[in-house]
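Okay, so here's the structure we're looking at.
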Amino acid sequence: MRVGVLTGGGDCPGLNAVIRGIVRKGVQEYGYDFTGFRDGWRGPLEGDTVRLDIPTVRGILPRGGTILGSSRTNPLKIEGGVRRVQENLAAEGVDALIAIGGEDTLGVAAALHREHGVKVVGVPKTIDNDLSATDYTFGFDTAVNIATEAIDRLHTTAESHMRVLVVEVMGRHAGWIALHSGLAGGANVILIPEQRFDLDQVCAWVESRFKIRYAPIVVVAEGAMPRDGDMVLKDGTLDSFGHVRLSGIGEWLANQIEKRTGKEARTTVLGHVQRGGTPSAFDRWLATRFGLHAVEAVRDGDFGKMVALRSTEIVRVPIGDATARIKTVDPSLYAEAGVFFG
Amino acid sequence: MRVGVLTGGGDCPGLNAVIRGIVRKGVQEYGYDFTGFRDGWRGPLEGDTVRLDIPTVRGILPRGGTILGSSRTNPLKIEGGVRRVQENLAAEGVDALIAIGGEDTLGVAAALHREHGVKVVGVPKTIDNDLSATDYTFGFDTAVNIATEAIDRLHTTAESHMRVLVVEVMGRHAGWIALHSGLAGGANVILIPEQRFDLDQVCAWVESRFKIRYAPIVVVAEGAMPRDGDMVLKDGTLDSFGHVRLSGIGEWLANQIEKRTGKEARTTVLGHVQRGGTPSAFDRWLATRFGLHAVEAVRDGDFGKMVALRSTEIVRVPIGDATARIKTVDPSLYAEAGVFFG
Amino acid sequence: MRVGVLTGGGDCPGLNAVIRGIVRKGVQEYGYDFTGFRDGWRGPLEGDTVRLDIPTVRGILPRGGTILGSSRTNPLKIEGGVRRVQENLAAEGVDALIAIGGEDTLGVAAALHREHGVKVVGVPKTIDNDLSATDYTFGFDTAVNIATEAIDRLHTTAESHMRVLVVEVMGRHAGWIALHSGLAGGANVILIPEQRFDLDQVCAWVESRFKIRYAPIVVVAEGAMPRDGDMVLKDGTLDSFGHVRLSGIGEWLANQIEKRTGKEARTTVLGHVQRGGTPSAFDRWLATRFGLHAVEAVRDGDFGKMVALRSTEIVRVPIGDATARIKTVDPSLYAEAGVFFG
Amino acid sequence: MRVGVLTGGGDCPGLNAVIRGIVRKGVQEYGYDFTGFRDGWRGPLEGDTVRLDIPTVRGILPRGGTILGSSRTNPLKIEGGVRRVQENLAAEGVDALIAIGGEDTLGVAAALHREHGVKVVGVPKTIDNDLSATDYTFGFDTAVNIATEAIDRLHTTAESHMRVLVVEVMGRHAGWIALHSGLAGGANVILIPEQRFDLDQVCAWVESRFKIRYAPIVVVAEGAMPRDGDMVLKDGTLDSFGHVRLSGIGEWLANQIEKRTGKEARTTVLGHVQRGGTPSAFDRWLATRFGLHAVEAVRDGDFGKMVALRSTEIVRVPIGDATARIKTVDPSLYAEAGVFFG
């Protein structure tokens, strides 16, 4: 039995832990051989492979990134792409494929399985935690810890000075990182993409903070937008992803708060720092178990499925479930955090 | 409405986050007043109280320990203890009580509610994660992160030298910290209290590691014991908790491995470092939500209940459920980790 | 003997450690009383004091910020300011004053001592490490560690993706943080205020990196500028400090690199995260010793002096020495780092 | 020109940073070739080499340990050892050798240079910071940070409970790690090898702490001993290094304090955790510069020298200077810390 493995989409702490889990169990318990495909779906598309055995996975558990490389290549969007993937899998003698990735990568996996009978098992991956079929995805806990530590450090300045501190965190379409890190860091305002914010309300919260001689900390997801979205457009430009490019929402917000409240505002933009480096213990544990259970699904011939976390158990769900709809922050959960605002 | 709050048992990162969550929501949303009782059940027993309002909970979110203090005082074991607790609650005008603690503290809460009608809501707390009614308890994730970071650092020495590295972590009766940190840290041997270990097997794993020029890392829970427990007794002395006192199981194991394999062994004993300091983001999030939901249970008049984590939801379960039996590591889960041994 | 203490200027990890060192030694060894002045020179100017004794300094060692508060108030620039300071010092019965601060705060101290005979001892403070009379100032090591950790995390993405990663760090006039964190983090380009950069050269370094399949990491001090400074002006606006406000030099540089190389670029702006939170061990050691030696200088009646680090010794130098000229990065030191560029 | 490189003695964070600095500058600026010798002096003794060029040093900057391996092999103590080293250096075409190590490793280097004309440059390495010719050695700052973080976490328990917390840190013959981490962590007692401690005095300090409802934290260097050393011998056994083996001085001390004060005591033994893992920013900066300057000394033909840190400059001193005498903690420096005891 030869099993292919690939990692697609943006990088995420824990990818290497999944790969290691798959290979260790696959080789030692089932006697499988493995073929690593380079750079997501580009690997099987172009027949670009990399060695994958016990020695190659040694020492990778604590390392961020992915030893297989990644890309956003989509064979479904390439003329003859599916056929080339099938041919290359056959040429490499690959009997089954484990695809580790987010919505796009797993979308390809689902289509290949459903329409072309490719034997695929999926492992969900998104730093934003916005896949609906699993309680958590690995990488999220690491990102939240990093953002929380940054907020912790800002409290010092908040105690000593009279400045507004704005922290922009990841989250284009879902505010999980903002919500969790804002709650864990004791932020005074948390703004998420799921709910357009009212700039007057934000400024009112900011003002109320100064009354207790403790400056406000505002956590804003990169995809958050004011009620009147045109305001942003007037000050910055949106790139092709609908993301404000020139200054980012954090910098825009800091400028607006300065203008309206007369208080100096400073911005922190964590950027890719949130998705790099060594995974947290939770993410390593989750990613390792995802790997172990993915190769177990291969052994069971349970294809078209994806591993997922439910409570403390790893279960299998149809790959399509994960990609059907994005998991956004529930309004009631956001409201729960509201007691700490202002 | 006046609500009492107390924290009992060993300290645990996140206790302050629970207290803050309770007070912020209780005061701001329900208009409650709060009375803090000092040092667990000693507080209501002796009428020892401390101020608990919005200003007193400011800035405590990231701090380990508990601003209320803690103790192992048990009013059920003290002549007239229950009556004194009831009298002092009445004297303070306390209508309901939120008890944050482990098996013992919640056991008292359950008895007071069941037999004496005291209006109690419980919040589960154990660094060892061994309470059966909840997926996780706060503090556990912090402890696992600390132990994992220590193991990470030992890998450096393991790469460079030919030494056996033994790490003793917390866990008297349950091996959760050893299992999670061992898995996350890439340990080669994980020993837990739930399953007596075979010293010959441990030495065999150790020997097999040296063949790949990479020294073995052995993670051992403080409560782990060899099959032949008398061996330990011969070398050390057991204290009243049945815990080897003179040198600890870690040091004992290192000595045994040295004698049997002829390889030098070094021990790390993390001790209380694991239960101190700032909580991880996950623990702050969990503890904060436990606090918010505990005070919500008080508002609903849903007494005799304890908040618990199920998947990503906070639910309420009878307090008795938490203390009925200890949650130990399932043999199948331990077996799953076995692929990384040796 | 009553000694006043104040902290001025921007906050900096280690300020509390200095205060604690002063008070512990002053009270226990010399029997001094202390008066804390609030918010830098605003305190003596307005007679705003705060209690400062053994209990008030308990537990502050690991905490960022300053329990005394800070400000940029300058009594020399206020009509009658000096006289009011002298009157308030007399009114409080303060015999000597320890001023902890940077160029501005110590400049006031030097003038008060020189021209008005105020008995002052200085403790140097600047997160940027740009004071010439001391090897290091506390806070700098903490800032460098934080920036280095951020760069470490970016390497993961650099390994996995084909993106340019730009990190903007503190340093308006001196590039010490950029140089040290860039060197420690393994950055491929380090840009400092002391030397205008050539955008073509930066892009050449960036391009050369992609050839080894490892994306470039560019560390840029906030005060760094291209040879043709007008370029920045065309894209952003300078605020009154001469600092590009709309997007910062980091974001500007990322945009320029994108345009010129066609490679996607992402920015991290650490901002105040670098100057907050718990100090590193080195900074606590240095700050504590500065405190101990400052109060020793008071005991010796050695006024008009500032404590400073020389090698591993704490020495005393005239306060004026510290403020005479800024300590910038020597061209030869910057050249030494050049071997790692590109 | 071909330059050999070896690393000897115990591992130390920063070794890889030195190697990288040497190779990057040597190859890029001087066009040198490099030969890595495996496992300290065992490499040249047995002609065991490893590739050492730009690609092999990529990515090693943040990693603990040494890619060259290490050992305590001493060719001076082996019949014909020196001759074999000379023959193997000649066979490999090695013109000069850079030896990175502590007292023993550099002692061999000094002898080979002095008595046999081998062209050697030394780089000092000791985690304990006890080499007299340099202000600091790399690895020390990392160890102090790790120990300080552990002490920080113990303060939580100290605040909440009534227990004595003993932390055993590294330092056989010099108490630098204990002194710096104890001072930075706010320990109440610091015990170092340079000064035998009085158990009665330790217990008095411990008792005085409990009066302020804050438990004492005792930091003890592994080589510290009570005035009456026989006490330890009665309770434990000394191994061949003169180090108490069965329980360590930390555990011994905790037991003694329990017996004498009746207070429960808990021990943390950090062990090899202190010398592993990623180096601090300071250690990476120092190690990198040591590497750059060592290869510069080779280029200058300045053999028999060792690089050293003096203030913020890297200088060269005779190798013999470093190994002549151990740098211990000066009594006046230890006395300075005494203000925080008890």
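General observations
So that you can tell them apart, the chains are marked A, B, C and D in the order they are listed, and the count of residues begins at 1 in each.
As a convention for this text, a residue touches a chain if its C-beta (ideal position, glycine included) is under 8 Å from a C-beta of that chain, and two chains touch if they have at least 3 such contacts.
If you want to know which protein each chain is, UniProt gives these names: A, B, C, D = Pyrophosphate--fructose 6-phosphate 1-phosphotransferase.
Here the structure is a predicted model, which means the values were calculated and not measured.
Centre-to-centre separation between chain A and chain B, using Cα means, comes to 30 Å. Centroids of chain A and chain D (each the mean of its C-alpha atoms) stand 40 Å apart. Chain C has residues 152, 155, 159 in contact with two or more other chains. Contact topology of the protein chains: cyclic, one closed ring where each chain has exactly two touching partners.
Every pair of chains meeting the touch criterion is listed here: A-B, A-C, B-D, C-D.
Across the complex, chain A meets chain B through its residues 24-25, 28-29, 58-59, 61-62, 135-136, 141, 144-145, 147-148, 152, 155, 159, 180-181, 183-186, 212, 214, 278, 280-282, 284-285, 288-289, 292, 310-312, 336, 339-340. Contacts from chain B toward chain D in the complex involve residues 10-11, 13, 63-66, 69-70, 146, 149-150, 152-157, 159-161, 163, 165, 246-248, 251, 255, 266-277.
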